[in-house]
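Below you'll find the structures, each written out as structure tokens.
Same chain, two partners: subunit A is paired with subunit B first, then with subunit C.
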Partner chain A sequence: MVGASLSKWTMSYFAAALLALIAAEGLMVAGFGFPNAPIRGPETLVLVHLVAIGWLSMLMLGALFQFVPVLVARPLHSNRLPLPSLVLILSGLAALLLGFLQMGGYLALPHSCFPAASALLGAGVSLALWNLGRTLWAARPLPISARFVTVGLASIAVTALLGILFALTLGGVVSHPALLAIASQGVPVHAIVGLGGWLTFTAMGVSYRLLAMFMLAPELDGASTRAAFHFGAVALALVIFGGVGLILLGGHLAFALAAAGTLGLVCVAIYWTDMVHLYRARKRRVIELNSRMAGFALISLGLAATLALAANILGVLPRLAGAVAFLTAFGWLSGLGLAMLYKIVAFITWLECYGPVLGKMPTPRVQDLVVERRALPWFMIYFVAVWSGTVALLIEQATVFRVSAGAMTIATVGLCIQFMHTRRLDHVLTLTSLPESGRPRLLMSAT
Partner chain B sequence: MTVEANDELADHVRDALRLVIDPELGYNIVDLGLIYFVVIQDGGIANIVMTTTTKGCPATNYLKEGSRDAAWTVEGIEFVDVSLTYEPPWTPEMMTDDAKQHLGIMRGSGW
Partner chain C sequence: MVSNFVDLDVRPALRAGEEPFGLIMAAVASLQEGEGLRLIASFKPVPLLHVLGSKGFSHEMTELDGGDWEVRFTREGAADAVEVADAGAPAESTWPEPSRSLDNRDLDPPEPMVRILAAIEEMQDGEVLSALLCREPVFLFPELAKRGHKWQGALSQDGGTYRILIRVGAGREAA
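This part shows the complex of A and B:
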């Protein structure tokens, strides 16, 4: 088979991810975690991991199970493994959040939940890595977009390993001095490799291919794209090997982070220029809503990088790190994720319902499954709310931040309702009759 | 059958293939330039060589099967063989002017 087929469990990953996003936004509205609590406090850790694992990682893994086969033009190694991965990661996340709540004194349980969280998350991530890794391995030599994803997958492995070490330390299982040193000082490495390596680098790789596909733009694999890849990969290697090495040698972690940060910013700048080129070189003059909204996510990435650079020059990065992380997680990663979901849900639903009858009867377009004018206001509210929330964090206005989080929650729920209409074929049924297969199941695809 | 009769049958097959759309671009695969050629051999055997807009497209198998099913509806077609190629790779230049206009692409615009 040349190409990819439908990923059975991707919709389940997306549903779990969106529920986690809404839950996290709800917590922010309630004032749970940063900025109402310390940035390293247990409340903030609940919030951060709900977003990073529950929302962004589930979204990314669900999308990768569908799109890694597209990137490498080969089928997924196993269509069965994503389900156990999903169950293990969600169970592990639940145990991790319970562990943080125990740590904060919100729960009194006889045993620490951290060892169980480590085992479950470790097993779930390993299964996903095995499945995606085998798919990529079989497709060597890899195109540039898939090489970004490969580095992203290596980054989730490192992030998970460090996370497991932290959890086992908190659970009282680890006592080796070297491991305790990494556990006590390695949080910045864990956060940067997770947010910058796993989530951002993977999103970059997927966006190179998907945005070119959606906008009919020539695929980029020239010198600039390779430069972005090499700068980013070296930056991540510096954070991981330099950072952990300096911790073990008793040096200053800040040296490795500063060097990696500089290379990372160069990577983001080149990627940003590539994306501008992609938008300018597109053949579709009128682009669809997902590509337009991805533009706002790219603007957010540029703003986050500029903010990080300015804060570092002014020597206030530690104080503004929360705002930079918020803009990166919600403006760039979540903004791009929601924009791509708008297209991917319609595309997967079309494949499932109308692919089998192609050539036998007239079929609607993917675009007929959505009504852009209904989704546009929710996207606009979402991005404005994220940007106002970032400003609120910068000027330390916790109440304004909670109001912004409220607007983000409303916008996310509005978008989820649009995704459900798409999945249930509500929009397209005003144009054509129900396909023979009937409405698809909400949470899984018939393959 | 004569060469003229086979050519006429090939035209009918092309017309039938217009029922198949590229789901993403929302236009029929013939005018998008995804059908590289259709040849009819004696005995009503249709050989179709086609491509997709991008290698690895998740709709690839549906497009292949849809093309086969659409061609089979043509009277006089007894067997259909659809093969996929990425040589040469598809570019927007291969679209008809109608398809380009539908997608808002300027005339003569390739990669």
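This part shows the complex of A and C:
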């Protein structure tokens, strides 16, 4: 059968992701990790991986299990595999964080947690890749948005492989000199491919389709979109193959990174103009909150790219890398994620509860499940806090940064409460009665 | 894309006991490229929908206060180029002409899906609905399959319009 059904476990991924985000923001408020600790220290590694795996990757995987079928108009290969993936990745993340805490001397355990983290994360990511890969493979030839996602999935594979190599090295399992060379110098490759390839490139692909859909804009698949795809894909290939090649040959990794960075900035610039075009060419004049808030995420992406470029020209990029990464992770990726969640949670819940009775009885609209004016202040606080946090990092004001992180935490909790109201149909019940099927389950969709 | 509508109110003619059919056909014949017809009548003009449907017009009906009806007819210009390929059902050359048509291209998602499901609930088994959409309705297909309808659809060559034909209850008959 063609078409897309509800993804059963996507809500569980979203819930786990949001809990990880709140936990990470709590650590930043407490002053745990960067900027109070070194950027490569164990505390910062706990924070970074809680954000990158716990929040952003779980959010992205949950969204992909629902939206890859929409991109390619085919059902997901398996609606059961996402649950074992979820359990494996979360337990792998827990082991990884324990490993970093051991490394920092916070915990004394008889064995290193890194080998277990490698095995669990490797298995969980492989299972997710198998499921999404089979779905994409069955749908060839792929539309442009799905090709972005495919490159994103290749990037998570590379990121995970490098991560496993680092963890096994730290756990004392790996001793081959070539692997040790990659482990000691490959951290920038791991970080750039994870943040730029997996998270950013995938978000770009999904946003081309979703924003066009939500704003009634024409689908973009012209020369500019293909150019953005090619520039980005070549930039990632340069980081991965050029970067690892240079490490093994004893060359300077910086050459590969500079070349890839230039191509990557061109890719971001083209994507940005494509998105501005989408907003301008939209047929829907009054757009919903999610599309308006996605605009702030796109502004953050533009700011992060400009900041990276300016810092590089001035020769201060290494010192400002933390601020650039923070703005990318929280302004762009998290901002876009929270904005899209606002719509996706409402849509999935609406389709689950009212899809079977559409046309047979009066049903509420998707927009009846949300109250935009209640969510708007939380979004505004969130974005202002991220931007002030970035400035605090740039001018090295750790206390201002912690206050900003506090505002981000409050805003995130406020948004989570709105997501819960949407999922529990609280807003819609002021207009109409419960559907026959009753309230949907919080963490699982009936399919 | 239809930019403006020519108004035709046939209620005075109906009140005077006249047959408005000639008036309507004359108005339709005089429509320029890109124009649609907004018809106001004191009843639901079902026979007219079939006549204009066979001439390639889709329609949207709204009930006005006092039991009157407003019907907007638009030419399915963009759909002419649509090549209907086999999608959800084996090709059946014997599908009857569509008895209802919807133009859902300008509606916010998921409204196109809502209107299609509402329309086919009112139709008889064996009847065919034709609908124009601005993209492939991926969430509609599983719902049609669950309710026992068959469909075929295709994207126009410029990728801007998806045309779907749904045969009500055809899946139940086959089962």
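Definition applied: the second predicted complex is superposed on the first by the 447 of 447 C-alpha atoms of A that agree within 3 Å, B and C clash if a C-alpha of one lies under 4 Å from a C-alpha of the other, contacts with A are read in each partner's own complex, and residues count from 1 in each chain.
As a working rule, a contact is a pair of C-beta atoms (placed from the backbone, for glycine too) under 8 Å apart; a residue touches a chain by one contact, two chains touch by 3 or more.
For clarity, every value in this text was computed on a predicted model and none was experimentally measured.
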| item | value |
| --- | --- |
| Combined model on subunit A where subunit B meets subunit C, clash or fit | clash |
| Most subunit A residues touched (candidates subunit B, subunit C) | B |
| Contacts of A:Ala108 with subunit B and subunit C, given as first, second, both or neither | neither |
| First, second, both or neither for A:Ile313, with subunit B first and subunit C second | neither |
| Which of subunit B and subunit C A:Pro69 touches, first, second, both or neither | both |
| First (subunit B), second (subunit C), both or neither touched by A:Gly359 | both |
| Which of subunit B and subunit C A:Val286 touches, first, second, both or neither | first |
| Subunit B versus subunit C as contact partner of A:Phe214, first or second or both or neither | both |
| Contacts of A:Leu249 with subunit B and subunit C, given as first, second, both or neither | neither |
| Residues of subunit A contacting subunit B in one complex and subunit C in the other | 1-5, 69-70, 73, 213-214, 216, 218, 283-284, 347, 350-351, 355-356, 358-360, 363, 365-366 |
| Contact footprint of subunit C on subunit A as seen in their complex | 1-5, 69-70, 73, 213-214, 216, 218-219, 221, 283-284, 347, 350-351, 355-356, 358-360, 363, 365-366 |
| Sites on subunit C touched by subunit A in the complex | 87-88, 106, 108-111, 113-114, 116-121, 134-143, 145-146, 159-160 |
| Sites on subunit A touched by subunit B in the complex | 1-6, 66, 69-74, 213-214, 216, 218, 283-286, 347, 350-351, 354-356, 358-363, 365-368 |
| Complex interface listing, subunit B residues touching subunit A | 17, 19-21, 23-26, 52-63, 65-70, 84, 92, 103-106, 109, 111 |
